[in-house]
Every structure is written in structure tokens, then in C-alpha cells.
Amino acid sequence: MPDKRPFDLLNEMLNKEVVLAIKGNKVFKGKLISYDIHMNLELFSVKERKDDGSFSDAQISKMLIRGDSIVYVYME
Amino acid sequence: MPDKRPFDLLNEMLNKEVVLAIKGNKVFKGKLISYDIHMNLELFSVKERKDDGSFSDAQISKMLIRGDSIVYVYME
Amino acid sequence: MPDKRPFDLLNEMLNKEVVLAIKGNKVFKGKLISYDIHMNLELFSVKERKDDGSFSDAQISKMLIRGDSIVYVYME
Amino acid sequence: MPDKRPFDLLNEMLNKEVVLAIKGNKVFKGKLISYDIHMNLELFSVKERKDDGSFSDAQISKMLIRGDSIVYVYME
Amino acid sequence: MPDKRPFDLLNEMLNKEVVLAIKGNKVFKGKLISYDIHMNLELFSVKERKDDGSFSDAQISKMLIRGDSIVYVYME
Amino acid sequence: MPDKRPFDLLNEMLNKEVVLAIKGNKVFKGKLISYDIHMNLELFSVKERKDDGSFSDAQISKMLIRGDSIVYVYME
Amino acid sequence: MPDKRPFDLLNEMLNKEVVLAIKGNKVFKGKLISYDIHMNLELFSVKERKDDGSFSDAQISKMLIRGDSIVYVYME
């Protein structure tokens, strides 16, 4: 196995804005505050993607996303 | 890994009103009374979100939500 | 973590009438007789919610509900 | 926790006719022969519920139902 | 708990023709060659049930079915 | 339990052409190169089944299929 | 069991362009940077497959895909 691990990317993403997709096709964008080994994530200042692909103005201040709901996370 | 963990947010949310989404697209709002390591949550004075996005008047006094039903939890 | 735990609520619900929702959108009402750490529940004198939101007259005497089918449980 | 446990009900159901619902909305009726800690169940002389709510005449002699397929089990 | 266990039925089914239903509503019939504790099953000379309820002529010689795909298994 | 185990069949299938069905109704055919205890499989020279039941000409050279996606595997 | 294991293929895929399918029928293409025992994957320079089968121009720089979302991974 390589020395690098996928969770290193989560570490690299800390305090940066990430986009994450959860099961059921919802997509959120927000600043990644913390994560744990279950891939539970805390986001700050979160926007939800609308049907037209843009993100909502309305922001959620603090959000906990359950790890097993997550499909992928990326930095743009 | 960062010192901060997503469950710290659950702790911060205690006795505050939270909004939580569960699988199957239901959304509830209520005061968070307790949680455990499985993310099972106890809510107090719970309202369910209606199709128009507003929350019901009818309140459920005490509710236990199973952790693996939860998709995300946030404070507004 | 708080001293109180979500399972304390299950304990509080014992011998009281509860409403529980299971995956696939079925809702049952009955007296909670017992539970275990998997959230398997035994109910007594159980009615199923009909499409119009009311509960059936027909009662099931004793019912075991599998914990991982459960979405939430509440007292009215 | 109470001394009584949901699996006590399975024990009480042994050699009695039970109705059980599995994921995907199928319902079977038969005599409960055995169970294990995963809630795998063995049924004897099993009938499947038809769309009109009645049960089939055709009987399956011996059936093993996988525990994690089960939603609930009850005695009428 | 009773001395008899549901897996005893699998043992009894060895080298007999069984019918098994898997998630997604497919049904197969074949001779049960082996099983393990995960309920993975090996079948021999397997036919798939067609929409009209009859089984295909075409036979699969040897088939491994993953245990967590299985809903129920029975002998006719 | 019998001495024979379902994974013995996987061993027997090594370096032979197998057909495997995964959740979501996709079917692949290819040579089985390796497997592990999670039933993760490596296939070589893989074709996907088309809607008409035939297999594609286009071949994937090397493919890893996640074990918990697998429903069944067989040799024709 | 054979000496070769399916995860050897992941190792072989490192720093190469792979195509991966996740649950819900999404397909991504990108360079595999790292993986772990849960099959969590890090991809670099990621394109999503469009409905016409071609891949998007727009690229995601760095992406973490959750292992239990993955159905299969291949090299073309």
C-alpha cells in the first residue's frame, strides 16, 4: 500500500471550502471544520446546491453530516 | 487529525434547537436533549417539516431518532 | 457527552403507548413492553396507521420490531 | 433496562403460528420452529399473503428467512 | 433459546433442491451444495424463475450466491 | 456443516470465465484472477451484458468489483 | 486462496487513470492517488461521465470517494 491515504486528503481539506455529495443526490458546499474515522464531517457556512446547479444564498451556520451518508467530497 | 471532532458539534448543540434530516427525506426540528456514539438522538418538542417547507404546529413531546437513519443535523 | 442518553428515553417509554415509524413509511402505535441494545422493540396491542392518518381498530396482540427497521419512536 | 427482552417474545412464539413481514413488502405466515441471535427464523408450513390480504393455500414445507430481511414478526 | 437453530435447516437442505429468493425479486432453484456462516450458498444445476412463475430450462452449472443478497430459502 | 464451502467454488473458478451479477442489475463476464474474504473480485478481459442479453465487444482489461456489490457469480 | 488479491490491482492502478462506478450510477475518471483498506479512494483530476457516455471537460482537482459507495473500478 502507498504511504499516502485517502484520509490525508480530508486533512488537507481542513478549513477549506469543499463540495460533498450525499446519498439521495443532495450536494452541499461549506468549510470543512473537522472529521473523524467514520468520515462524519462538520461543515461551516453551508449552502445546498439547487436544481439548476447553483448554490443557495441561505446559509446554514454549522452542520454535522453523517459519514455513511457521504458518497464523495472534493475541492474545486 | 484535528483535535476538534464532529461530535463536538453535537455537544455544542445540546439544549439548542436543531434541524435534522433523515433518510427518506423527512426533516424534523426540535431541542436536542441527548445523543450517543451511534448518533441516536433524543429531541424535545419536535415539529415535522411540511411539503411547503414550513414546520407543523403539532408537536411531539419526546422523540428518539435512530442514528443510522440520520443524514445530517444543523443549527440554523 | 451528556449524562443523559437517548436509550434513557426508551426506558422512560416502557409500559407507555408509543408511536414508531419503520423504513418503508409504515407507522405503528402500541404499548412498549421491552427493548434491547439493538433497539429491537416488543409492542403490545398494536395498531397500524392507515393512509388517512388514523389508526386501525384491528389490533395485533404481540409484536417484535427489528431495531434496524426503526426510524424513530415517540410519545405523543 | 427492563429484565424482559424482545427476544423473549420470539421464545414465546416458538411452535406457534406467526406472521412476519420482510423488506420489499412480502408477508408470510407459518409456525415458528427456531431462531438465532441474528433473528434468522425457521418456519414450517408457510403461506404467503396475496394482494387481497388473504393467504395462499399453497404451502411451503420448510423455510429459512434471513434475519436482516425481517421488519417485524407478530402473533395474531 | 431452543436447541434447534435455523442453520440446521440449511444442513438438512444439503444435496436437496431448494428455492431461494434474493433481493431485487429474483428467484433461483437448484441443488444446495454448501453454505457458510454468512449464508453464502453454492448451488448446482440452477434455474431462474421466469415472469410467468415457471423456471427456465437453461441451467447454470455452478453458482455462488452472496449471503447478504438472500431473503429466504425453502424446500418445496 | 459440510466440509465443502461456497468459497471453494470461487477457488475452482480461478482463471476461468465467470459471469457475475451486481446490485442494480448489471452483469459482467470475465476471467476471474483473484478474490479475497470480502468477495472482492479481480476480473480480466471483462465484457458487460447489454440489454438484449448479449455481451459487449468492448473489453475492459482489468477490473476490481467490490464484494458487497455482488449478488451472485457463476460458471456457464 | 490464491496469492494474488484484488487489492493488488488497486496497487497496480496507483498513479494511473482509472474509471470507477459508484452507487446511483455515477461514473468518474481520474488518476488514482491513494486507497485504504475500506476501499476509500483519492482521485486527482477527475471528470464525471455525462449521459452520452463521454466525460466532462470540467475537472475536479482532488476528490475523496467513500469506499462503500464504490461498485467497481477499472483501467481502460
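Lettered A, B, C, D, E, F and G in written order, each chain numbered from 1.
Basically, contacts are C-beta pairs under 8 Å (C-beta built on N, C-alpha and C of every residue); 3 or more make two chains touch, one makes a residue touch a chain.
Fair warning: this is a prediction, and the values are worked out from it, not measured in the lab.
Think of each touching pair as a link: the shortest run of links from chain E to chain F has 1 of them.
Measuring from the averaged C-alpha position of chain A to that of chain C gives a distance of 33 Å. Averaged Cα coordinates give chain F a centre that lies 19 Å from the centre of chain G.
Here the spacing of chain B and chain E, counted between their Cα centres, is 42 Å. Counting partners per residue, chain F has 7, 23, 68 as the residues that reach two or more other chains.
Starting at chain F and stepping first to chain G, the chains sit round the ring in this order: F, G, A, B, C, D, E. Chain F makes touch with chain G in their complex at residues 7, 11, 14, 22-24, 26, 28, 33-36, 40-42, 46, 60-66, 68-69.
On the side of chain G, the complex with chain F involves touching residues 1-2, 4-10, 12-13, 23, 25, 39, 67-68, 70-76.
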